[in-house]
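Each chain carries a letter (A, B, C, D and E) given by its place in the written order, and its residues are counted from 1.
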Amino acid sequence: MAEPAWRSPGDTRRSTRAVRVSVSAVIVAAVVLAVLLVPPLVRLDQQAVDLALKLRPPSPAHPFGTDDVGRDLLLRCVYGLRVSLLVGLVAALVATVIGTAVGAAAAAFGGWADRLLMRLVDTFSSVPHLLLGIFVVAMFRPGVWPVIVSVALTHWLSTARIVRSEVLSLRSRPYVDAAIAGGASRWRVTVRHLLPAVLPQAGLAAVLMVPHAMWHESALSFLGLGLPAHQASLGNLVQTARGSLLAGDWWPTLFPGLFLIVPTLAIAGLAGAWRERLNPRRRSELML
Amino acid sequence: MTPVLSVRDLSVRFRMRGGRHVAAVGGVDFDLAAGECLALVGESGCGKSVLASALLGLLPGNAQTAGTAVLTGPGDGPGAGVDLLAADERTLARTVRGRRVGLVPQSPAAHLTPVRTVRAQLEEALRELTGTPRAELRAAAVAAAGRASFPAGLLDHHPHELSGGQAQRAATALALVGNAPLLLADEPTTGLDRDLVERTVDELRRHADEGRALLLITHDLAAAERIADRVAVMYAGRIVETAAADRFFGAAGPRHPYARGLLAALPERDFTPVPGMPPELGALPEGCAFAARCDRRTDACRVLPRLTDGVACHHAAPDGAAPAGVGSAGVGPAGVGSAGVGPSGTAPEDAAPADAVPDDIAAEETTRA
Amino acid sequence: SNPGSPGGPAAEDGVVVGIAYEPDSLSPLLGYGKDGNSKIFDGLLAFDADMELKPALAVALPEVSADGLTYTYELRQGVNFSDGKPFTAADVVFTYRTILDEKTNNPSKTELDALKDVKAVGDHTVVFTLKYPYAPFAERTVLGIAPQHVAAKQDVNSGPFTTRPVGTGPYVLTGWSKGEKISFRANPDYWGGAPEVKKFTMAIIKDDDVRATRLRSGDLDGAVLPPNLAKGFKGDKTKKTYEATSYDYRLVTLPTHHEVTGDTAIRRALDVAVDRRTMVDKILEGAGKPAYGPVPTDSEWFTKGTERAHDLDRAKRILDDAGWKPGPDGVRVKDGVRAAFPLWYPSGDKLRQDHALAYASDAKKAGIAITTQAGTWEVIEPRMKHDAVLAGGGSPGDPDFDQYLLLKSTLGGDGFNNMAWYDNPVVDKALEDGRRTDDKAARKAAYDTVQRELVKNPGYTFLTHIDHLYVVNDSWEGLSTQVEPHDHGLAAGPWWNIENWVPKK
Amino acid sequence: MLELASLTAGYDRRDPVFRDVSLTIAPGEAVGLLGPSGCGKSTLARVATLLHRPDAGRVTVDGHPVRGWRHRAPRELRTAIGVVFQQPRLSADPRLRLRDLIAEPLRATGRRAEAAGRVAELAHRVGLTDDLLSRRPHEVSDGQLQRACLARALVLRPRWLVCDEMTAMLDASTTAALVAAVEEYRREHGAGLLAVGHDRVLLDRWCDRTVHWASLTGAPAPAPAAEADATAGAGV
Amino acid sequence: MTAKQAGRRLPWGAMARMTGRRALAAVPVLLLVTFAVFAVAAASPFDPVKAYAGTAGLTASQENLDQLRANLGVDRPLVPRWWDWLTSALTGDLGDSSVMRQPVADVIGERIGWSVLLAATAFTVAVLLGTALGVLAARRRGGWLDRCVSSAAYTLEAAPAFWLGLLAIWFFALELGVLPAGGLTDTASETVTFGQVASHLVLPALVLGVSQLPWFFLYVRQGVADALDEDPVRGARARGLSERTVLLGHALRSGMLPMLTLIGSRVPELITGALLVESVFSWPGIAAATVQAATSVDFPLLAALTVLATAAVLLGNLLSDLLYGLADPRVGFDG
């Protein structure tokens, strides 16, 4: 019998998705390589300025142009990316791990544990982030780690609450009953059946945290509490470029801005693909 | 008279990782006329639900379809129907689903929105499908629930607060709201006690008697016998036999060895399963898919049998032979009389276009209506 | 301006200016308007455009006794507070006594340290008695006089008077929406004549870029702007840029107690290695002057001939001669000590940051390694004894104001005074001489000595004096600027004398 | 002995689904439970499997009185009772492949090593092919999923089995096959069975004795069926 | 039949019990938070006296500063200071703010209304716009709307509010000239009228709202997209419900749990955002005073602001817990 003429309603999505994922992967790989390889090869003197070269537009010598005190923007962008990525990724990771653990524990145990943990979350979230950040950072010397600590400590709360609410909704599902009947411990149920179901939410929070941590870093630097302002971080670069932008010099804003946003979007793209794998139905629809 | 639904050579397969395919439905043909009830039976996993989903355009994204399934309305002239497999999502959503084709889903509890009460979902369906004015919604919802014997007192429950049978009835009530000319009922009687089963199927029958077509997918042969005009037996994605219900359940019994085995497996009969396991749909054998389990298997079975005279078997029992081991006629309660309905399967080789329906079926449908 | 039609101030006779700074309080008792120009209040005296004293609520400059310990002011009569009550000597006495009262949280009362007592003699004369002769005392009496009948009834630190003051000044406060604006209405009964600008509003806009944008959108009639943003209005015919020269300097402290910065050769080398001109041109966009000491080069108190040109070779020579020899990494070493030290700047201050970086880059060329570090004052303060800081300051008026606090050895480590712990007996003596006498020539000689000593042993590297830039709609006449201090808040800018503005014909 | 003694249970303390229900199953005995839809059979099954705390009454498993429920029930008791739920779609974790679904109880109780062998054996018994084992729940039919759920219930070799309308959605042949699988298991392990269902013929044929819901309770609770009657009459 | 089936209204009883429990729990939380703020502020290197003195402090003598320290009462140990604050606060006296030179009650009274107005408007914008866009994007996942808005959302998350504010001012006030650039009313105007406040509210509320939008958008998008794959939506589609009903009534209803949670847990971020937006737009609200109070270690003001913030957070969390108890009956009102 002749092969019938097959119609498939959901065909096109797969190919664009593959393109999207590979573009994201390439960008992330490039960023990681640049961040790891460039600094050892090309050293940047963070404080060297050359006032004679002030605000030169992009040229072969300075592909990204120079900033308002004559520093090469390309190199500063790469160095800045390194710091910002470190802040963003570490803070996001720490915040997500704490948030997921607390949220899942609260919901899985319920009762008093839940109430206690949630009041703890309330307490933490009561102090405005920036304030807590200011206090934490002010107690140390300005630098990367205090920024990371202050951002991570204040940003696990949303994750915790989201994870908790999802777990609360999941924990009375019949399949959890089935697991309990199968002898699963509370821990096992949480880790094996509940957490995988909330990972997409937690993952989304983590991805959102990356750019958000970068902006906290720049806000703290702006207040004089983050990185020293002369040290290249994307937040610092974008922050200081503001004045030049109003004067019509676009490059000090554009390039650091792109450095900030493109990797973020690439990470978001990869995370999106990962979330699709976590969703069993999407996974089989996309034949992953 | 043109059939309400005319399915020709309908196939569905799922694309899987690694380029493999699962052929869930293969080359299915049947017609369904207004006022007619076709019972579709078959072993679990043979493709019944997938067939129903395909007719509603609700297959997952990795499914592929082939063939045609033309839905013709009473006003449509010949050739004017909608091909359900080719229609776009918009047409399906706006004019077909719920309005022209209703569905009682299998696993009703999973198909109800968990965060809303039954009443909310029922009233919403009534408002959207029948345009019932707001003031009358409450009463209409109670009435609609009553049609499927859903207790009015439970209308304010959320789906997870219902028992299995109650969820089933809720789903049936929702499916009946639109009074669609074609109703696909996928196991509408699971979880119901005998009384309720009868009440439900009688309601479905009444629904059909008002001039609508009913495709009853069921494992409950007693229920099928009670209301079906015709029975189609499906095996490994194909229809292997179609027969008039009275003949199928009657003394003559089915002709296909698989169908006979299926009947024999009933608890009121032998209560022994058809030996062996159904084939993997991902790797169907070349010839007759049932051959491996068949006691009449010969070399002829290496060739795929065609559906001729309502049966697709090289060794079909002759028309009128009594099924092995069963003397009594019928299963369970006495069958509903369904005089005048004959076999109406269409062989694939004369897979005619949707409008060209054999005259004899048309004539019979007229008698029935 | 109206939301629909930005582009011009709403009222013909109103002026809206954008400022970066908001006062904590409007009470002169807590320090508001202590340097004059408070709009709501008048002092006994006031400064004119050249920073010369002129009478205000006093009818004339004070009579000073021969020993310099008694100042007598004759008060103007017929002056009323804006609530209609008359102004008398009792108000003056109340004001000064309240400020000196230890229960009053006025942080600038140190400025009245010399004041022993103030007495009213009749309704229209007040007499100030000092603890020690203090030449610049009259300049302290520009601070605003508060009405006793209002302020005495309240808690001086937090009463409503701090936000809804009543004064004798050219303007009356009509509203203070904290964080948004302070609005004034002309005082029709002002003793100096009712101002032409009937409505005056100061919009509080902390962000420089936002201020520039709102000025451009027509929302503001004038604003204070940093140099790079003011540059953007150069081509705008409807606006005029006013450059207020100032005493506002930026310097690097070279702490005596650090083995590198305490070394005179290093100090002198740095003093010539730094390229002040380029800093002025590039960092300040030309709006400023190189600084060689606290006194601006165009001041009458400046000692001509103490300018130091940028001369890298000379700097290297000085270091070579002193035994600082280049090490393998280009950094000079002497007796095992690397010519390296940290330089702190307060974070968030872009101007100082740029100065610090440029300074470090210049020093590097001479073989001195400076590590710039940013921190809040809380971080910097404990380190000031040993680490260099990019600091700023400057008060116009008397040369004593800056030089004494900056250079007097006994003030080493006293708050932000003499941050470098500068210790030079010659300078100490000259500073004392300068403040004890009233004789101008003697004072000039004393301050010349100080400035010459700073060439020989620069305990600070003075970098620039900064012009303050104001961009204003060109629709009024009578605008001018005063010489401004480091700290330019409400009182500074072309609107220091807004009561004298008249519409352009 | 699985003893359910004068149980009262439901979802609202003030208005329990049933009151004072007692049922005892002897080891190796197969009891069929018939009852109208919505009368509380599944609730009773949940109580019997220690998943739902009754408002009153006693549950005794092999002589051990049950004090805690759900996680608080001792694991030995929980795993002594295998359960097949009425609705396979809801009772299967959508993220697990059928293979893992079946093996999950073994892993949860730390008997990981046995998993592969046991899964293969049970899959064969309930009629799941290798291909199906590697799919996730939404990729198989309801009947196929129910087979996996039965395998999951058997995987720990429980002494008691509770099958809540296990065959409701299965065709005759599969029903017969699964019943045969259960019976084979019971023969091998001497397990007791509580089979809930609607099909009297099936239960009669399958079980040692079939009890009707009405006979379990002292004072018959208001039967939802009656109320269904009323609405049905009113609605149509 | 019985009450159980007599029709299901809102579960007032359970909600009231939960509210009560939360109100009780608020007491220790508030005690803890205020004490923590006192402790952290005391441990921080900021010096209240220096902050009070401001630039005048640069030239002030040590004696003067010591006198100030005594007057402000900041030389006393932490615990009695906190205790005094607490006891007098309970009697209604919130103390005097040192940075504002005003009673704390006045500081808050003058400003809180404007802050609440701004924050509430912005939050409404964020929730509604985020939800609407999220639903639309989820409907065509991978479509152009989805891609544009998602990219914009991640970008926004990286954009500090002061950047957004500047851009908004530049575009709407300067380029288009349609909206005022800042302040509560026209800068030259002396009276506060409804129309003026409304037009001046647009930009700050939009900027604050948009800066809060990414979370709402992305979570709604994800929740709805996931729900669209599930059986209940399949069931709703099969019933022939319109796309709108399917999206809003089923997919959104099932997938909005995280979004409801965010209503509570984004309150702190909202406050942080308000802090920056208020200062960029010269909005006379209270958030801008917060940083000042913190870095000047203005204990009475800081404590009062923290209590306010805590109350906002607790209320927000309670509200979202109540809402999701209502939205998902499986969650219930426990906790």
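One rule holds in what follows: contacts are C-beta pairs under 8 Å (C-beta built on N, C-alpha and C of every residue); 3 or more make two chains touch, one makes a residue touch a chain.
Just so it is clear, the model here is predicted, and its values are computed rather than measured.
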item: Chain C and chain B - chains in contact with each; value: A, E
item: Distance-maximising chain from chain E - centres being C-alpha averages; value: B
item: Furthest chain, CA centroid comparison against chain A; value: B
item: Of A-E and A-C, whichever chain pair has more C-beta contact pairs; value: A-E
item: Chain centre separation in whole Å, for chain D relative to chain A (CA means); value: 46
item: Geometric centre distance via CA averages, chain E-chain B, whole Å; value: 55
item: Separation of mean Cα positions, chain E and chain D [Å, integer]; value: 49
item: Chain centre separation (chain A, chain B; CA means) in Å; value: 51
item: Chain E, residues touching no fewer than two other chains; value: 1, 44-46, 166, 170, 231, 328, 330
item: Contacts with two or more other chains, residues of chain B listed in rising order; value: 60, 107, 110, 153-154, 160-161
item: Contacts with 2+ other chains: residues of chain D; value: 87, 89-90, 138-139, 227
item: Touching residues (chain side chain A, partner chain E) in the complex; value: 13, 16-17, 20, 106, 110-111, 114-115, 118-119, 121-123, 125-132, 134-135, 138-139, 154, 157-158, 161-162, 164-166, 168-169, 172-173, 200-201, 204, 207-208, 211-212, 214-215, 218-219, 223, 235, 238-239, 242, 246, 260-261, 264-265, 268, 275, 279, 281-282, 285
item: Residue ranges of chain C in contact with chain A within the complex; value: 208-209, 212-213, 226, 228-229, 231-232, 275, 278-279, 281-283, 346-348, 350, 353-354, 356-358, 360-361, 364, 370-376, 378-379
item: Footprint of chain D on chain B - complex, ascending; value: 14, 41-45, 48-50, 60, 106-107, 109-110, 142-147, 149-154, 161-167, 169, 187, 190-197, 199, 203, 219, 221, 261-263, 265-268, 271-274, 277, 280, 282-283, 332
item: Parts of chain E lying in touch with chain B, wherever the complex brings them together; value: 1, 5, 7-8, 231-243, 245, 249-250, 253-254, 327-330
item: Chain C partner contacts - residues on chain E that touch it in the complex; value: 44-47, 50, 52-62, 64-65, 67-68, 71-72, 96-103, 106, 110-111, 162, 165-166, 169-170, 173-174, 177-184, 186-190, 196, 199-200, 278-285, 288-289
